[in-house]
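Down below are the structures I want you to see.
Here come two complexes built around subunit A, the first alongside subunit B, the second alongside subunit C.
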Partner chain A sequence: MNASAPASGATDPVVDAAYARRWLALATAAVEREADRLTELDSAIGDADHGTNLRRGFTAASAAVEKDPPGTPGGVLALVGRQLIGSVGGASGPLYGTLLRGAGKHLGDAETASPEELCGALRAGLEGVARLGGAAAGDKTMLDALFPAVDAMAFSLDSGAGLVAALGAARIAADEGAAATVPMLARKGRASYLGERSVGHQDPGATSSALLVTALAEAAEGGTA
Partner chain B sequence: MSPREGDDGDGTPGGVGVVLVSHSAPVAESVAALAVQLAGGTASVAIRAAGGTADGRVGTSSELITQAARAVDAGAGVVLLADLGSAVLTVKALLEDDELPGGARLVDAPFVEGAVAAVVTASTGADVEAVASAASDAYAYRKT
Partner chain C sequence: MKMLINVPETVVADGLRGLAAAHPDLNVDVDNRIVVRRDAPVAGKVGLVSGGGSGHEPLHGGFVGPGMLDAACPGEVFTSPVPDQMARAAAAVDSGAGVLFIIKNYTGDVLNFEMAAELAGDEGVQVTTVLVNDDVAVTDSLYTAGRRGTGGTLFVEKLAGAAAEEGAPLDRVAAIARQVNENSRSFGVALSACTTPAKGTPTFDLPPGELELGIGIHGEPGRERRAMMTSREIADAAVDAVVEDLRPDGPVLALVNGMGGTPLLELYGFNAEVHRALGERRVPVVRTLVGNYVTSLDMAGCSLTLCRVDDELLRLWDAPVRTPGLRWGC
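And now, the complex of A and B:
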């Protein structure tokens, strides 16, 4: 979708620990800002705790990274993942935790990652989430925002785009993917008990996923100085 | 990781441990008490409840699960039963990251019936394989 995006250039920041921390700060702020909306979406088809759970998780993750900042982007992502598993208390904890910990492990100890390596790490983390939750595309879950986002990022990079443009494409795909969950029938989690009544509501997990992808894009844009 | 061969756990040496993970602390504790009673009130089975969050809310705590699994680990394996969504996913995530004792496994079983079957079987000194399959087999009992 972004074949004509500007090629990688001086405006693209390096994916390093500072980038990962900018993402965490933006993600935490977005979760804080949107917590009520996420909980409202979750009250329609879930157990009305998604916003508060994620806020608690990201607050704990930010505090942990602040206290003992890892020196690599993989270290930051893995630490955030562990904190989410340990502090959220709802299904989004082990799911996002597995995603971020998996992505962090994939990046390993490298001090910087190329955009392609970041994309590969996100895909590896995402495959871990799909395994853990057993969901597939179209089940009205976070995967419906995240798989299109990673696909768009990969396609964009393949077409010669740099980090900012590729993450811009990922952000649009994630937003569209989240919106596309509205007519879907939930097949996983508490929402699946509702059957047909889950139709017509946007999935809270896909919505928070789009926020986290947006934060990845904003962290890249904000680091172009 | 964490191969705790019977050290400071409270399980019978050689016995299989059982951990019940529920969204609700009272549910986990009551089911544990029920299972122990139905197994003849035996004190020989190491069973722990890991219900709710560490700060007393409804939900799942990886910390409580890890503590419970370590407490019942006597070197013969630990069988975990979980009720819903995040309880199941948290146990799986912990297993994937090797944060539970070596022989720990999540069993696909109905929570109450599976817990009773697991505890009754563990009280006979059966191995982890037998305890796990007794819990899963509880699905086979039809009620209508």
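And now, the complex of A and C:
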């Protein structure tokens, strides 16, 4: 672990609209910071636009949330999802949009959510993504970062961990999952057209997914963009 | 890389404004990114809507007009449009006879068009979708996102467009679109990568003495890299790949398509080799189109598409069309 690990005894924040907005600010900053790297990864096995597209989407989502801030964490996530669907295009717009809209709808109108409820909402959104995209674990997609992350979060919570620790575990699992896509053969999306030549490159979608999970962990640790 | 642009962010909007200035018979909504034929909706006529990432011009906006598409939805460069665009386009062209979405088979296009079909359906527009997947370079469809939609899209849009213009009902127009797709195959070759405005450098590194066989139309590398070949050798490779898969037993339409960065002189020379190669394989070519129609920005290279036709499809091919990119018989 490094300097961004939670200090021992860090208090777990409440999952409320403010938490969801902290996540959005951190995620938007991360996408902005890493856009060129995402596009570079995408040019190796895709079409060189992943960073540009996500930056456009998160900028639009941040503006929409700022303009008319929802009062619940579910409301924030659902609005971000709708904005991504309406502004990103490509496959990542509908896929990330479905993930966040699905998670937001799962949280419903509650003003706060428990860590377990957040984990369940993320899993519900993720299942929507898997249905929509038709991909499975190991196909070299965003799922290869997100499934391990949600599994790690659920396992930590089951073992008695709080939100900060559980999301810390999710973050490590997402990073490891993204790195594990390097030797994989792409079977979905544009990279699949490369066949064996997709091997040896890290999947851009799994990489951006790990950024979003990292932002969830940082928001829980009290970080700000 | 020097480009004839202002800033990368406005490339698509600038192109649409120019399209509008050049073609007053099109309704170009720059803000919502929809190109619609000016007389839409045409009473009693099925509406044809297509779309996809920008960078393939004249596809799709240049194929809007009588005898072809009713509307096109351009996305960002190489990025599919968003669902709102197609839903809005469907509403603009629906006369009550229904709307056909022509979708190139890419994950992003399929997802966004499916969401749009749902939105349009909620608004009471009857939408049928047809996928174009003509690229034989994708051999292992089971373990990929499936064959890509490339040059065959032009044949689908032209032939289904002609049927719709004649007043065929939605199920018939969709059946023709599917028939054309099933009878079309393409194979593409890149001599250079392309450069997207946002990135500013080539999407992959292709040394001077090499070429890529089996490329798509988004600057993605192909399946195989070889030492540079002559026009004759490339034509044999492309014809073999297409003919082995299509197995034509009758007349075909041929599209010798430039990827955007190859001069017409070279394309016509390549077309001569294609006709020679098809003649040697006893495939009769009844119509040929040579030019830049389904492009990949500034990529040098070409693709070959063959479409098996019967008398009915040939008649629809010869039917009048009046669009910026394709225009005859009127």
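Definition applied: the second predicted complex is superposed on the first by the 212 of 225 C-alpha atoms of A that agree within 3 Å, B and C clash if a C-alpha of one lies under 4 Å from a C-alpha of the other, contacts with A are read in each partner's own complex, and residues count from 1 in each chain.
One rule holds for everything that comes next: contacts are C-beta pairs under 8 Å (C-beta built on N, C-alpha and C of every residue); 3 or more make two chains touch, one makes a residue touch a chain.
Computed from a prediction, not measured in an experiment: that's the story for all the values here.
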| item | value |
| --- | --- |
| Clash or fit (per the criteria above) of subunit B with subunit C on subunit A | clash |
| Touched partner set for A:Arg101, first subunit B, second subunit C, both or neither | first |
| Touching partner for A:Gly71 - first (subunit B), second (subunit C), both, neither | neither |
| Which of subunit B and subunit C A:Arg187 touches, first, second, both or neither | second |
| First, second, both or neither for A:Arg197, with subunit B first and subunit C second | second |
| Subunit B versus subunit C as contact partner of A:Gly138, first or second or both or neither | neither |
| Subunit A residues touched - subunit C or subunit B, whichever exceeds | C |
| Touching partner for A:Ser43 - first (subunit B), second (subunit C), both, neither | second |
| Offending stretch of subunit C which, after superposing on A, collides with subunit B (from 110-118, 218-226 or 290-298) | 110-118 |
| Residues of subunit A that lie at the interface with subunit B and also at the interface with subunit C | 49, 53, 85-86, 88-95, 132-133, 189-190 |
| Of subunit A, residues touching subunit B in the complex | 49, 53, 85-86, 88-95, 97-98, 101, 128, 132-133, 189-190 |
| Footprint of subunit C on subunit A - complex, ascending | 39, 43-49, 52-53, 56, 85-95, 132-133, 185-190, 192-195, 197 |
| Residues of subunit B that touch subunit A when the two form their complex | 53, 57, 59-63, 84-86, 89-90, 92-94, 96-97 |
| Subunit A-facing residues of subunit C, complex | 53, 75-84, 106-108, 111-112, 115, 137-138, 140, 143-145, 148, 196, 198-199, 203-204, 216, 218-221, 223 |
